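Below are two complexes that have subunit A in common, paired first with subunit B and then with subunit C.
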Partner chain A sequence: MTGFLLRRFRQVVPQLLILFTISFAIIHLTPGTTGAVNPEAGVTQNLDALREQLGLDRPLPVKYVDWLWHAVQLDFGTSFDDGRPVIDKILERLPATLLLTGTALALSILISLVLAVMSSVYRNSLFDYAATVFSFFGLSIPAFWAAILAIIVFGVQLDLLPVQGMNSVDDDGAVDTLRHLILPAGVLALEGTAALTRYLRSSMIEVLHEDYVRTARAKGLSERTVVFSHAFRNALVSSVTILGLRLPILVGGAVLIETVFAWPGIGRLGFEAVSTRDYPVVMGLLVFTGIVTIIGNLLADITYSLVDPRVKLSG
Partner chain B sequence: MASAAAVPANVQRAPSELTRSWRRFKSNKLSVAGAVVLLLIALGAIVGPPLARHFLGLTPYDLSCTSFAPMSRDHPLGCDPLGRDLLARLLAGGRVSLIVGLSVAIGSTGIGLIIGAIAGYFGGPVDSMLMRFTDTMLALPTFFILLSAAAVLGPSLVNTVIIISVLEWTTTARLVRGEFLVIREKEFVTAARAVGLTNLRIVRHILLNVVPVLVVAGTLAVASGILVESALSFLGLGTQPPQASWGYMLSSVQNFVFTEPLLGVFPGLMIMITVLAVNFVGEGLRDALDPRLVKR
Partner chain C sequence: MTHDHNPFELTFADHEEFEEASAGSLSRRDLIERAAALGLALPALSLLPGNTADARAAMLQRSARRPTGQIVFATRMSELGDLHPFTARLSRAMAVSYQINEGLVKFAPDLSIVPGLATAWKVSKNELVYTFRLRKGVKWHDGTPFTGNDVRFTFGAAVATNSQSAARTVLTQYIKRLRVTGDTVVITLREPYSALLSVLASQLQILPAHKLRGNVYEAGFRQTPVGTGPFQVTGRTSGALTLSANTGYWGFRPYAAKIILSDAPDTASQQAGFLSGELDVVAYVPTAMSGLRAQGFPVYAGAATSTHGILLDLQNPILQDVRVRQALALGLDRRRARQLHYTDGVLADSVVSTAYGPYHDTKVKPIAHDPRGANNVLDGAGWKLDPRTGIRSKGGQQLELTHYAWPAQQWQDIAAIAQASWKQIGVDVKIVRADNSQIATIISGKYDVAPLGLGLTTDPISGLVQLLHTTTKTFREGGTLNVFHYSNRQVDALLDKAIRISNREERIKVAHAVQQRARTAMPFIPIAYPALELITKKNIVLHERNRGLSGIAVGYFMSKWQVK
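Up next, the complex of A and B:
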């Protein structure tokens, strides 16, 4: 176990290094002059002064090492936009995103569990068929279009739910936030629900064909016990890793959903920063979300090895 | 059904692998339906724009229609906020989606094939290094990188394809590597080594056995390519105006949810139907070409 943990931890270091390097490379190895979008940049002197002030005139390796040194301490510099430290901007937006993605993740886990167990137990039934069709739709519908449809149907036509932001102007209570949360979280959960349902269903079906399930049935246990305490728990184990892999997809989805619903999270911050070429914020967010997903995967793997003692990490 | 297909002339001959795959594919009704729908969409994208121009006088750039004009005889689907015909734009947008989907499939499976083949064929430290890299790519918030790269490189069709390809090869690489690891232990590879073939020749022999995996991975890449392109274009970082694309057509819809709720129905529907059809075809291909492949 200790060996496994050590090996797993050792993987994180090169992963982080690759992450840092990619984030740096995207911004610095691509054409385009930083500062060119600055309104005052029409004057060459101003442009040069600005670039010197921002440290953009130094050689690339120097910039890289310097940036890396600060980035590992989560110091991503200050925003081009308002001069505030990038990490502050990220951290103040983080709770909103955590609320949104957390709710979406919980929703998709819950719904997909129900759907997957039902369709694997009643395999090839009408329900199974409907669940399969649903998951194909969930995987194929563009999230932003689903968001627009949700806004039109629930926000405009039925006028049931708020569609913009996290709180109403005159109300910042928890109930109000919850009402604002329903649509974005529901849409964000769609794709995850579809993917998880398909994955869980096939691992449930696999497990239901195992010898020990037949044994459990043979010794006269009720179908309920067989499904829930024997099959389900084992099927669940294999899906822990898939949860870790879903994190980056969730973050990506959050960019779109937060933009459409004007949800004040880091996804929207990212889109704003990309649009205004606020490079420190972009790089900071890349690294920050990357670290979160790498740690998420690490936790998923550790959980996996805890719940399934057979697991041995190769390589 | 299977016996009816055999003709007397080759009764003894077992059906070829390709024939059997085709039969397996045909037996999946959803996949066949998906293939038909895809063919129709492709047809619409290829011959649709010239036909619309020739017979209805519709082009995707002509601003002569009234803004938000409802469906009419001259404009079968109505017009967009700038007074451009929606049908013509829908057909032109189909070209963009299909071109991006196919290019991404070729690009990403190409990269994935090279990396997966090198890792799987050589194994050892090369393998673990490349796979560590692949795992890291999987852990990255890809969509966000896409956005940043698109903004920095400048949004365009070509850049969109390149960026998506560079970020979407991981699944292919892992699948190809897995296949290589199994196949390189087979007798024919040992035999090829024994007669002194070069690594490159041996890899070429193995490659033929990887084709099914590539086809399936490529199909799924078409689906994700179309979805990602539409999302990028929706955010204004993909296909650039005035070029029509389904994602870009949806970007203006947001401003008219109160007045013109039906504006975004068709582009979104087209994206969903296309991706759905591709996914169904991919599912059928997977079952048909390689029943062993793990389901997603």
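Up next, the complex of A and C:
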């Protein structure tokens, strides 16, 4: 295990360097300038002076080396927007995003496990068909449309749940946050649940036809033991990959959902930063999300060994 | 951060004798305050010219009314990132900042200059010396007394080489000396500059020296500034900004105890928040929210200060011929554009919006939609129609133009309308889509035709100078709005004169004359003055009739919103 971790960390360094370089290149090769004009307002400003003020007039290699040196220390500079350190802005938004995406992910896992196991065990039953319809519904409808629908039904028509932000203006308690969380997390979980259910159901059906499952049944084990101890654990391996792929969303935020529900998370921060060409924030977010993704992949590899003893990390 | 370079002389003599400022420009509010102190307020009111209702309200509210209730406005928190008066760049942030930090003078809703942290001022006959009397008894939101030291500090910070103040250029160019003595501030100019008060009102809100002496651009202050204005920041999260009424405010006390600017990033989420009762006031979009209006929710509308239309680049030899420009204006179906995107707006004929009151020239000849007339003008200019292609040409050159269009639907539609309209008069238009971030580069170069909202400064004469005075600077280099490359000696002379005189009537005359010339020369085809509208819950009322500045309504009228 130690050898595996050391080897993976050695791989992480060039991965990070490539990530840093690509992030920098993407931003600086994009056409356009900082200090974009709002065509509606026609605000006048001396853009060249602004670029000089922000240090954007320096040669690209100088900017790159300077940025890289600071970025490896997690110093992504200060936001053009308000002069605050980028890392502060990211860390300030991170809890909101983790709460939203973490809840959505937990909901997805919980619901999809139940749906997938039940669907595979009672294959071609009414329940299976219903779960399949639900899955395709979840996969097919755009998240923003589902969000608006949820707002109209639960926020406006039934007046059951709040639809804006993370807290009411006069209440910042946990219960209030939880009420605000239900709709965005529910909508966000819909797509994840649908995808995970399909993957897990397929894996389960495949595994349930394996010889060792037949053997387990032949041994006289109860169906519950067969399903959960033999089939389910093996079916989980492929789902770990899917879960690993969702990690960037976990920290990168869900841009659409955060925008529609005015959820103050990282997804919105990134969207706003891209809109205003706030380079330091955009680059900071790219690198930050990239780092977490790399770490996530590492964790996924380790998780493989836990759910499947045949995977040897030292091998 | 220190001020390492002051281009004009700053003096500060707390204990020196100072010359008595004239009471010649004593404001109506000052008179009320002094009369009130003598128990003569109500009789005094009857002696005052103008709308005494406002003055009466201003006086009575001091003793009787306490701010009550809270109003939640939909906003985009991303636009309120920086509220520092020097570095806030977006109009919404500037408008909010305007309620927190005040200048020596301020704007009334009709754009006239009224007292701010200075109770009175006088201008010398040669218009080179401005003397301000500072308001006494004013406290910063943290309880520290406001003094002349704050004024001196602010001017010093604004002209420092590392200054990020928009006022720096004007201050360094025109101000020769600033002298702060007790409660008197004397500004001496190098040459007359009539827009000085406007600049002081819009770009030089006074900063608290005791908070920013170490670093003018301190990050915490940019988030939650401390000012002397009618509202103070009492809460800030990534989702909302809470402004509470400054109960000790020297001027018009806000009706609402709290104004909460809550993040609602797009029209759909604003509408949903409004319907679910979480938002009290949202921007009204006629095309998407007519159902709400039909339900009886009040809509408050006003004209924006910007004029939307089409820029014509006179660097293009084709467009240097005024007849071609006139023909393009006559051929453009502007009413179609208005129907699509400016439902409650006004069809524009001048570069100066109706929001500027008397500065807007109502006598400018309306631009008719007259394709036949446009064809005649082009025939007269020698552009012959090729019946085979439907495109005009002259000397082997086809009448072709490139029309840039920005991503928003309105600009795409305006480009499409222009393309279709001008095809009717034999002009071939190629539409090129470009991102907002490319606008500055495009209009700083050669571009033929591009749509834009032209926002003049709060001083219309300064705005017209930026818009139409001859310049060799590009938009990117100097911020000038003369992106048409228009040059006319008579217009230059008129504007040069107007920028030196402070007589309002004279300035209005010049503004009208310039608008008439712009109408004839047509470097810009005006389309509409957009209406900026807010829809509110039925129990929310705006006590402000003059809504000329509605483009920044949330900020400028914040004190006037009331919960019934």
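Structure notes:
Quick note on the criterion: the second predicted complex is superposed on the first by the 280 of 315 C-alpha atoms of A that agree within 3 Å, B and C clash if a C-alpha of one lies under 4 Å from a C-alpha of the other, contacts with A are read in each partner's own complex, and residues count from 1 in each chain.
By definition in this document, a residue touches a chain if its C-beta (ideal position, glycine included) is under 8 Å from a C-beta of that chain, and two chains touch if they have at least 3 such contacts.
Keep in mind the model is a prediction, meaning the values are calculated, not measured.
Of the two partner chains, both subunit B and subunit C are touched by A:260. Of the two partner chains placed around the shared chain by superposition, subunit B and subunit C are both touched by A:277. In the superposed pair of complexes, A:73 makes contact with neither subunit B nor subunit C.
Applying the stated contact rule after C-alpha superposition, one finds that A:151 touches each of subunit B and subunit C.
Of the two partner chains, subunit B is the only one touched by A:26; subunit C is not.
In the superposition on chain A, A:124 makes contact with neither subunit B nor subunit C. With the contact threshold set out at the top, residues 30-32, 148, 151-152, 155-156, 259-260, 275, 277 of subunit A are in contact with subunit B in one structure and with subunit C in the other.
Contact residues of subunit B toward subunit A in the complex are 128, 131-133, 135-136, 138-154, 223, 227, 230-231, 234-237, 247, 250, 253-254, 257-258, 261, 264, 267-268, 271-272, 275-276, 279-280, 295-296. Contacts from subunit C toward subunit A in the complex involve residues 70, 72, 77-78, 81-82, 87, 89-91, 164, 166, 217, 219, 222-223, 237-240, 242, 260, 262-266, 268-269, 272-273, 275-279, 306, 308, 406, 408, 411, 435-441, 443, 451-455, 457, 466, 475-481, 530, 551.
Listing the residues of subunit A that touch subunit B in their complex gives 11, 14-15, 18-19, 22, 26-27, 30-32, 136-137, 139-145, 148-149, 151-152, 155-157, 195, 198-199, 202, 245, 247-249, 251-253, 255-256, 259-260, 267, 270-271, 274-275, 277, 282, 285-286, 289-290, 293-294, 297, 315. Subunit A contributes residues 30-48, 53, 78-79, 81-85, 92-93, 96, 148, 151-152, 155-156, 159, 162-170, 259-262, 264, 268, 272, 275-277 to its touches with subunit C in the complex.
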